[in-house]
């Protein structure tokens, strides 16, 4: 048998090992991933992808956003819980992690945390924005990202000291508005610029401690139910959430010798 | 007489015209500049520079920061008022502009507005920041900048419709932290990134309406009383506030055919 | 059997299909990857990784740089050829592709092309650079990258029209010097900036035609024989070439809905 | 008389001093500025502006581009010479500076050097570019900029040691293509990216030695005879060369405490 085949065989064995439905005790020893901002698109696919290897905690304000997904994952060999959380509210984030820490099998073994909270996208003349609208960008992306980071970083630092298959990882889902403040987008752009500043600052502070911080710039329309009817001249013009999830998983598996901090993802036909 | 001499003569005439001590009525017809964040450094020099051409309103939380400067400008042929203002507090900003609008000679004729509020500079591990400390960067730079912009933009738009010697101008004093989120600087960097996003968004929305929005990246230690004892290997290692003021005045005088949106200013010996 | 297991089984089948030692005729129908700049580090690992799926053509000026690797790949179930090529010399690049096109089994079916030519790294005062030294950065990174791109793009466009498992991909190995022109690095930085310009321009022109162009910023010391003795305070301070290869393979597998144009890779402990 | 008037008086005196038609001997002691790339637009206005203070040497391939301007400046109280130079050709640049150095009154006292050579702007599919077309971007912007820099930097370093009113200055006229590699612009973008790399590298190497290096991003159509018929929806849609010249003069006058490295200039109505 060739080396390549032999390697494939070894991979299968380890894959089977990972995927074998485990008894409850084993399941309770699984590592965890937390995904904040689970809706019908990126968050759900990221959750499905990370649920192949980890127990997953899904955070969303509205339980309707995670209930079906929790059932789906639990019924297909994975483990998931949902916790209603408003990431812009520090008390809500604290309560969510208090609940998670009491969860059977959660003992600080957090492998990955994904902040995928986007908030409502506001396009409006600056002088017509209400105070609440203007601050929404910051609260969702900057402040919420910081609340989430403060909750997960101590856990990720613990994981780093334990033996884990991959470096503990914190991923921020961002957008082109993190690089360019467009006219009429002052709310969203201030929030996404702040998210990028936060993630850079954390990458530089916690990278040397072994925590992998990633800023992912999603540039384009994502293929989700809400955008189903949006038509484009080119086929395949919408970003596949599965691909985003694959890229998130890929960066999660990078060893600490070789961390990617920032990557962009856009359809081949997107103008940029 | 050469053309050059003739030009110099014309310039002198117009300069004398501008500088002639005017009777109270004339003074009351002067255009205005507002400088928010007047302390011992950049703000004061910017105020002095713009006071050569305009009446100036100086905003600072602590009246001690502007009182002497108001006297100095008023006693040397200029006109200045001070208004105690906390730019992070929308009500305080509104009250300041209500007061300004009642000022004798202020009839919306705002030529320039400079947002020079920096806030306390925090260098601290992310997990040790208090909520208040983390949010200070945003409140001072992003939110405060927005409160100020909402107050001045309607006035600057009015000025644009009137005949003014230079396009109405809104300048933000920023920092290298607007481009790079350093370790331990998550508060300051999220604020300055947000300020850059805000200024870009405003430049793209209000530029086409004739308002000149500028983001100035001050990169280095400024030569002010507080930094007097800071020593460097190289001479002239500190940025002169007068030079910043000269550059602010220069961009203010650019015609609308030729707007600079972003410029950096740093000592020749600064590493960057 | 769970869905996950079923999926794993399907994957194994397709992996076995890909890896089964094929008869010469089948082998001749394999798709190809070209790697320019094969030495002891990134290039060799990229070649090994892509050789798991494709026949590989390895380009280097000095045959000593690829001979052992060609043998290794051919003796472990893969297929490789080496072609002595100076990428900065257009005639040499043309000759290399003429030779490749005559290769048994090569019929334009190019799946991926990686430009990994770095050239000698020069750190020298600007006024002391010889003409040749200054231009080396451009010739190696900008001009050589363009010669290579002109050779591979017509082939990649052909592949795009055929059915291929992944979008045809052109990857440039770049460096932090593509983003920052440091003192004493004018030669290297002009070359890497130009490489980034070239790759952006190609990404925007050929992306809409289905060709995936990637600019990878490798920021740090790579773990190769030449750097073996370089010591750092932190362990794992050198980038693993295997990880770079994994990330290159990952971006190659991205569907056209979800292209990454730019990603950085650096050790967790690198200052940036 | 107010302080302000007194200051105005002092300024007039010094301005008159500078502008007084001087006897030949005095003229021969004037400092010099060199402007490479003198045509009907930016270069000519920059030359006129710097000729108010300095003797100017105007470089262009075609003498027709500078002959009238040389006459104009010499007949209005200034001093100008023209030298036919191809900046992409090192020997031509060397010959030009050999000639300049023999000029009466030129004794190394170079105050400012402006590299304004743009070259023909090519918009063409990458695979249709001839070799010459592709390399033109580099030769004009990167290589030519380096030839020019090697000629002027030793002179500027000498000036720095002498007493000069302003720090010696080297300015590169660049474009948005220095920041963004657009589709079909691979030639121009590789050249402008390289120019930016070169200018950054020089700024970081020669800044600490007191030489001010500036990269000016001109973003938009310039108002010159060739663009006279170009119509836009908005009035004042073209950049005024006079304003560019004013900004170049402004940065030249910045003290070394307060150097601007990069600034952009664009019409208020430009999309960016």
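Order as written gives the chain letters A, B, C and D; numbering starts at 1 within each chain.
In this text, contacts are C-beta pairs under 8 Å (C-beta built on N, C-alpha and C of every residue); 3 or more make two chains touch, one makes a residue touch a chain.
Bear in mind that the values here come from a model prediction, so they are computed numbers and not experimental data.
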Contacts common to chain B and chain D (chain labels): none
Far-end chain from chain D, centres as C-alpha averages: A
Duplicate of the A-B contact set - from A-C, C-D or B-D, the pair where over half of the pairs recur: C-D
Rounded Å distance between chain C and chain D, as computed from the means of their C-alpha atoms: 40
Intercentroid distance (Cα basis), chain C paired with chain A, Å: 29
Whole-Å gap separating chain B and chain C, where each centre is the average of the chain's CA atoms: 49
Numbers and ranges of chain B residues touching at least 2 other chains: 204
Arrangement of touching chains [line / ring / star / complete / other]: ring
Contact footprint of chain D on chain C as seen in their complex: 90, 125-127, 131, 134-135, 138, 142-143, 146, 149-150, 153-154, 177, 180-186, 189-194, 196-202, 204-206
Contact set on chain B toward chain D in their complex: 2-5, 8, 11-12, 15-16, 19-21, 52, 76-78, 167, 204, 207-208, 210, 212, 223, 234, 236-240, 243-244, 246-247, 250, 253-272
